[in-house]
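Lettered A, B, C and D in written order, each chain numbered from 1.
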Amino acid sequence: MRYLPHTEEEIQEMLEVVGKESLDDLFSSVPAECRYQGDIPIPAALTEWQLKDHFAALMSKNRVNQEHKVLIGAGSYDHYVPEILPSLMSRSEFLTAYTPYQPEVAQGTLQGIFEYQTLTARLLGTDAVNASMYDGASALAESALMSFRIARKKKTVALSAAIHPHYREVVATYLQATDFTIIELPVDAEGRTDLSSLAGIEGLASVAIQSPNFFGVVEDLQGCGEKIHDVDALFISCFSEALAYGLLKSPGECGADIICGEGQSFGLGRSYGGPGVGMMGCRDKLVRNMPGRIVGQTLDTKGKRGFVLTLATREQHIRREKATSNICSNQGICAMTAGMYMATLGGTGIRQLARLNYDKAAYLRSELIKLGAKPLFDAPVFNEFALRFPFDFERVREALKEESVVAGLSLEAYYPDLQGAYLFCATETLKKEDIDRIVSSIKKHALQEV
Amino acid sequence: MRYLPHTEEEIQEMLEVVGKESLDDLFSSVPAECRYQGDIPIPAALTEWQLKDHFAALMSKNRVNQEHKVLIGAGSYDHYVPEILPSLMSRSEFLTAYTPYQPEVAQGTLQGIFEYQTLTARLLGTDAVNASMYDGASALAESALMSFRIARKKKTVALSAAIHPHYREVVATYLQATDFTIIELPVDAEGRTDLSSLAGIEGLASVAIQSPNFFGVVEDLQGCGEKIHDVDALFISCFSEALAYGLLKSPGECGADIICGEGQSFGLGRSYGGPGVGMMGCRDKLVRNMPGRIVGQTLDTKGKRGFVLTLATREQHIRREKATSNICSNQGICAMTAGMYMATLGGTGIRQLARLNYDKAAYLRSELIKLGAKPLFDAPVFNEFALRFPFDFERVREALKEESVVAGLSLEAYYPDLQGAYLFCATETLKKEDIDRIVSSIKKHALQEV
Amino acid sequence: LDEPLLWEKGSKGRMAFSMPENDVPAAELDPSLLGAGPDFPDLSEVDVVRHYTRLSQWNFGVDTGMYPLGSCTMKYNPKINERFAAMPEITSAHPMLEAEDCQGLLQLQYDLQEELARITGMDATTLQPAAGAQGEFTGMLAFACFHKSNGEKRSKILIPDTAHGTNPASASLCGFKPVSLKSNDTGVLDAAEVERLMDEDTAGIMLTIPNTLGIFERDIRKIADIVHAKGGLVYGDGANMNASMGMIDYKRCGVDIMHLNLHKTFSTPHGGGGPGAGAVCAVNRLLPFLPRPMVIKDGESYKLDFDRPQSLGRVHAFYGNYGVLVRTHSYIRSMGGNGLRLASQLAVLNANYIKAELRDTFHLGYETETLHECVFSDANQVEYGVTTLDMAKRLIDYGYHPPTIYFPLIVHGAIMIEPTETECKADIDLFIGAMKQVAQEAIDDADLLHSAPVNTKVGRLDETLAARKPCLRG
Amino acid sequence: LDEPLLWEKGSKGRMAFSMPENDVPAAELDPSLLGAGPDFPDLSEVDVVRHYTRLSQWNFGVDTGMYPLGSCTMKYNPKINERFAAMPEITSAHPMLEAEDCQGLLQLQYDLQEELARITGMDATTLQPAAGAQGEFTGMLAFACFHKSNGEKRSKILIPDTAHGTNPASASLCGFKPVSLKSNDTGVLDAAEVERLMDEDTAGIMLTIPNTLGIFERDIRKIADIVHAKGGLVYGDGANMNASMGMIDYKRCGVDIMHLNLHKTFSTPHGGGGPGAGAVCAVNRLLPFLPRPMVIKDGESYKLDFDRPQSLGRVHAFYGNYGVLVRTHSYIRSMGGNGLRLASQLAVLNANYIKAELRDTFHLGYETETLHECVFSDANQVEYGVTTLDMAKRLIDYGYHPPTIYFPLIVHGAIMIEPTETECKADIDLFIGAMKQVAQEAIDDADLLHSAPVNTKVGRLDETLAARKPCLRG
């Protein structure tokens, strides 16, 4: 057994020192009625080579694979991952380390996370960012909880209906056993959140807006901020596509108090939904209410700069049930990777790349409109957009799968009133020639259908 | 340009310090008649992503790929490569280091090579091993040259005709501009080298035998050693399949003076023939005649153990044209990898694995004999064997390619008198079920043909 | 080598990213939405590579050496598992593909659900929670849903004083008020004490098995019966599952729902703080409450089952940390059932061997038999003015990651050692030697320990300063 | 962390290898052939992983920091190239596949042959030589074959005193007697001196371009004409090609055949001593003599051409270090023609910048204009009892790999600096600062330099002891 170093002789020697007859004897403190019966019914160990065959066989069962153009975003984006990222992040000193409880032997992780915090804070236009949450959805839930801690007696959070439906589900899950209430804010004809009802809501602790929202629509965050602050609520700004802020005004700049979202776009694969990284930040004055680990700068005994986990008094191992949250392990190396991705792009690069994404989606959208598709909304979009076709698109979409294209996501399951509408996504990975080919394929199949 | 860090401003600043107007000006010492004319006619830079597409497209043109069972050895073997090998050897501290001229910052490479030397010496049963040659072929050529240096006035080397034909070609290349002569020793009916003519050869410096030889036949090295030493020649023992010595008597034990061969089997891919690693070793008393870098143990100023390149007086940067050879860069990281492979197997593992290879080839051979194939030779074989079929095998072989099998190597191109004979190889990567499937396929196609 | 912060490097206009050319027309953009662009440093590829290479060299990982961090199960992380997680079929998979398009991905989840249920003895598994603490939270929500389905809302929960810090936090997130249960002087819970505190307003109990002293709660069946009798549920914290595989059946122990830390017991790497994965296994009567969706098998095919009306809902945007699940499945299949049991047995052997060898040097909090870890304290050393922290830092200079310290709270100056099964006897002997030497140094030269570590990039860091004047970004 | 030698670890019966079960019958085996089996240590996977992880940490690579090793061109090695070399289509490819089964593999070789010819200005390329020195040997054999084809056997060869050590060794392997050519006091060859020594028994000349002082041989055309007029050939040592891409045309210089170190100019990693690759480019009249086989294009398909009756033969068992060729092709296509030229220009800029900044501190051997590297000496420091070696070792403590030292031989105490183009100005400025500080330390505190390095795993090692009492294995 290649992972188990013990030889028979060593086991005997050690048992002797311990004063036990057999390995089984080591468990004499476990009463018979608690013992596992028989062998674990899992097949015998596979060799490394059988395991490779096993995974190859398993993954060959996927009808859609890496050869396909999958024009879906909806919280999980197809961006190029520079080769240096996996190559560096797989360095075992990063990968096989624990949470940096012992800072003297973890300065690599700590500096890396401090840099992630800094670049993310700059991206989002805010003061402080934590060392990561699980994902965008739980980051939003934690943001709502955080707003209740700050707003004390107020017990309601308003969520835009244009927030990713899964994120809203997770918020509902997190709040279900509490006495907090969720109110949903409708989407207007432009595809932006309608905030006109805010004034009438009692005990409103916070309002959460996603931008770009689930439909790809860029919200008027500045305007939202003003309206939300007008009713004395906290402004939670959320996102699923972090890259947008390479181009758009940052949420912090627009007045957001708490900012949260998903950082998967930054150097992480889609990996069937995880691991990504939940980003979360806030203004300085709110930081002691923020959940999650935070790395801070300090000095060592000789006055040398170093980094440590800090503000631990917010955390569960100090405050137990009074903690800001129960989060402990987070998405450490994903955050490091996101930091590295931002460093790889740089200020110059992130702007170019975000622009490229903007332009690609605009091109795809305009080409589809030429086919007769009607956009659901007219407000500006980033990366994603929703539309309806003047023909039975579901059949066309099935036909396109045979051509290695997954053409958009049907919105019906998420918004029953949006029957027949599809959400499309285009990123820098989609070449013009791909778009042209796909569009002409859609045209061909649409015509055939008639 | 991601690999070129200079910004326009930096270039200007630096040019100013240097006192030049432009980048072009830096080349004012190159006369116009030597200047490159125009642009290098190579297409514009590809992005990382275009490059991936480029390589994918290129490699998709191979009709045979990793999905095929390729039953060919002949100097390049299909063995399992444990995942830890590429994972550790790709660590940039190993991969991006230079030859360890500065031992204080290269103890990793130096200790790793010292360990490679040691394990290889133990494998081959000899005293000293160098830090690697380019491949088995050039190692054999260098061994012949080494034997001439030792044997002084003697100018002839005898090579077994059962040595890999390419290795013999390389020896011929190395000796063509010298006054040394090569004599070829025939193969007997058993498939072993016929040494009966040795006594009659004038000025015989050395005799080289490969075992297992090109036909997979295990030579009687002990007997060869006695006969070669009887005529006062040096015994060069060569190999293309290093794994055989997990099972067989080592060449050193059998009296070989110089031992050389290919170590590709030890954790290196086939990679269309390279990089592999040339292994070369000899008895202690001959070591100052051995070419190539060698790592030795020594002490630092505080008496601590450390490793350095040593015996450099043999080498070209000290002795220039009087050097034992011109070899300088060798196959450093391949040697490290081979050392790591040996460590991964251990004494227990290498024996088991070698045995497994022996058994697999024996099984394939016996199954093919059941189909009527006639072995060319009856002596024991390791991994490989040659035989003829009682039907037109070339057509069967073509048909098998459609079933993702490359069934053996036609020997005719290498030994014109072996028309219709094929050399097969089976290693641990070939499962019994694969063998059974292939054998029954051969049977099917052979019958169809009739 | 020192290495500055990212923004202390670079030069405007450099770029390490391979930027594609824009092959489509530039689209119009409302200038009022346009930001100034984030202030990131511009770096070349070699800048980035050297930066992170140097950073990595300041870190200590399992591949560097022994990491006897109690309750964290820092076992060896097999390299081959990384390869599977990096398969392009997996990294490219969008989570909203239709089920018929990604049967392989679904089957892996389904198989892993089954495997974990079999290993624990439980009936069903959800893979959604992204970490152990989220697993606890999920379990606590299941408690709440269960009681709600009975028309109840219970307000308290029993939590032993040996519990992980996350337990009370997770419970209180679900509206339960933690009631602390004292362990007795043998380090375990008394059934009588549970009997005394358990009532019909108490949702149940959270037990760590074995507990954070490494001790198996010998009265667990009795305790479970008491809790069940009052309509409560038993939660199992499986962070210490590495003691148990193939040896302890959690369902037979009376556990109703439990989480597993896949990044502990199942060898996925910790990544300096994640991603982990906190699968939750439950008995059938709690199955209806597990998160939505679950992967189910429908004839020969697999699908996501959203039709779970009593489900506690979704805890993750998609299906959890799938990449971590891939590594877990790979590990389980590399070990096989018997290999997993042997792993737990050897983990327990290693811990008991260390305990036997060090018990004369360090004070042992409890004499009770332990499984995969053991807890010493600095009681023998305080007289020399040396604390657990000093000894931990000194161990760094010997090339070891320190054990978990000052936890569990019930052992003053605790030193909690969990070697795991992947350490060999020779390395454990070296560690024992180092521990003894540190203890000797405590007697001979306390200052040596006070000033440790000395061989690291930085010396002891001022954590008070960090918290008092937070500098959280550059 | 220290780490013992492999055989100082382990325990009989362990195994890190995943051994397949034998699914076929055990075959008979003649016991007289059976050995005892090699005496290797038995290790677990974690033993092996930690061993090599620790070893790696004692090494300095390009990813660690600046590596200004003159004539070695230690530029950044792009990670993406490693991925291509590791493609399973490539690593699994058997070298004896029929041409129609491996068109992709052949096309890559063909394309690279063309690319290298275009970059140098030459007509044809062989990719077979496994290293620079084997490239030189191949070139010298081509000389011999060329003269033989003219019915001649020439016995001498002209080699400048600035040549790499491998040049005379390669020539003498082919039966040529090296005749040393002195460079003049500006560091270049005089055409007159070549004229004096070149005769009809001399096979030709070996020139390094630019030479090992970093200087371009300004009389090269004249020298080539002299050599050609006497029926000789001109060999170009392309180790310093990083100065030249897109700037110097070797054919126009009069070079007949030359080698390239793909692991220098074309960014493939050095691997601590290999594998490299030593492609050889030639003009058409030497094409017939290049090694067998060559890849040729035949209509739309590619094949191996063995039908080369005048070929010098085979220098490699197969086609050279194919994996290195893959990385080279990847690099060339990532850079494009203009990128390659810019790389050479910036390499020359960097070297000249260092030269300008350090010329007041260190003695410069020659005032002549240089390209990609520059050669200082310790002449300004000897008066303080400090040598080039001392300064080189001290640089290690500053976090740099030392420059090439004591080469070329014509500069006493040479310090040969080649920064390459992948170093940025800021890092070069730091290096310049370190060099100046070392020079200052030479004045202030020579002992500091004598005892350097101090921050490494070992101090200065006794190389005499190693050679006097060789211990070459454990």
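Everything below uses one rule, namely that contacts are C-beta pairs under 8 Å (C-beta built on N, C-alpha and C of every residue); 3 or more make two chains touch, one makes a residue touch a chain.
Model, not experiment: these values are computed from the prediction.
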Lowest number of touching-chain links that must be crossed from subunit A to subunit B: 1
Separation of mean Cα positions, subunit D and subunit B [Å, integer]: 20
Whole-Å gap separating subunit A and subunit D, where each centre is the average of the chain's CA atoms: 46
Of all residues in subunit C, the ones touching two or more other chains: 11-20, 44-47, 49, 53, 57, 63-64, 76, 78-80, 82, 422-425
Where subunit B touches two or more other chains, by residue: 3-5, 10, 48-49, 80, 82-84, 87, 90-92
Chain contact topology (line, ring, star, complete or other): complete
Interface residues, subunit A side, partner subunit B - complex: 48-49, 80, 82-83, 87, 90-91, 429
Complex contact set, residues of subunit C against subunit B: 11-21, 44-47, 49, 53, 78-80, 82-83
Subunit D partner contacts - residues on subunit C that touch it in the complex: 1-2, 9, 11, 14, 44-47, 49-50, 53-54, 57, 63-65, 76, 78-79, 399, 422-426
For the subunit A and subunit D complex, residues of the former touching the latter: 2-5, 7-10, 47-50, 83-84, 87, 92
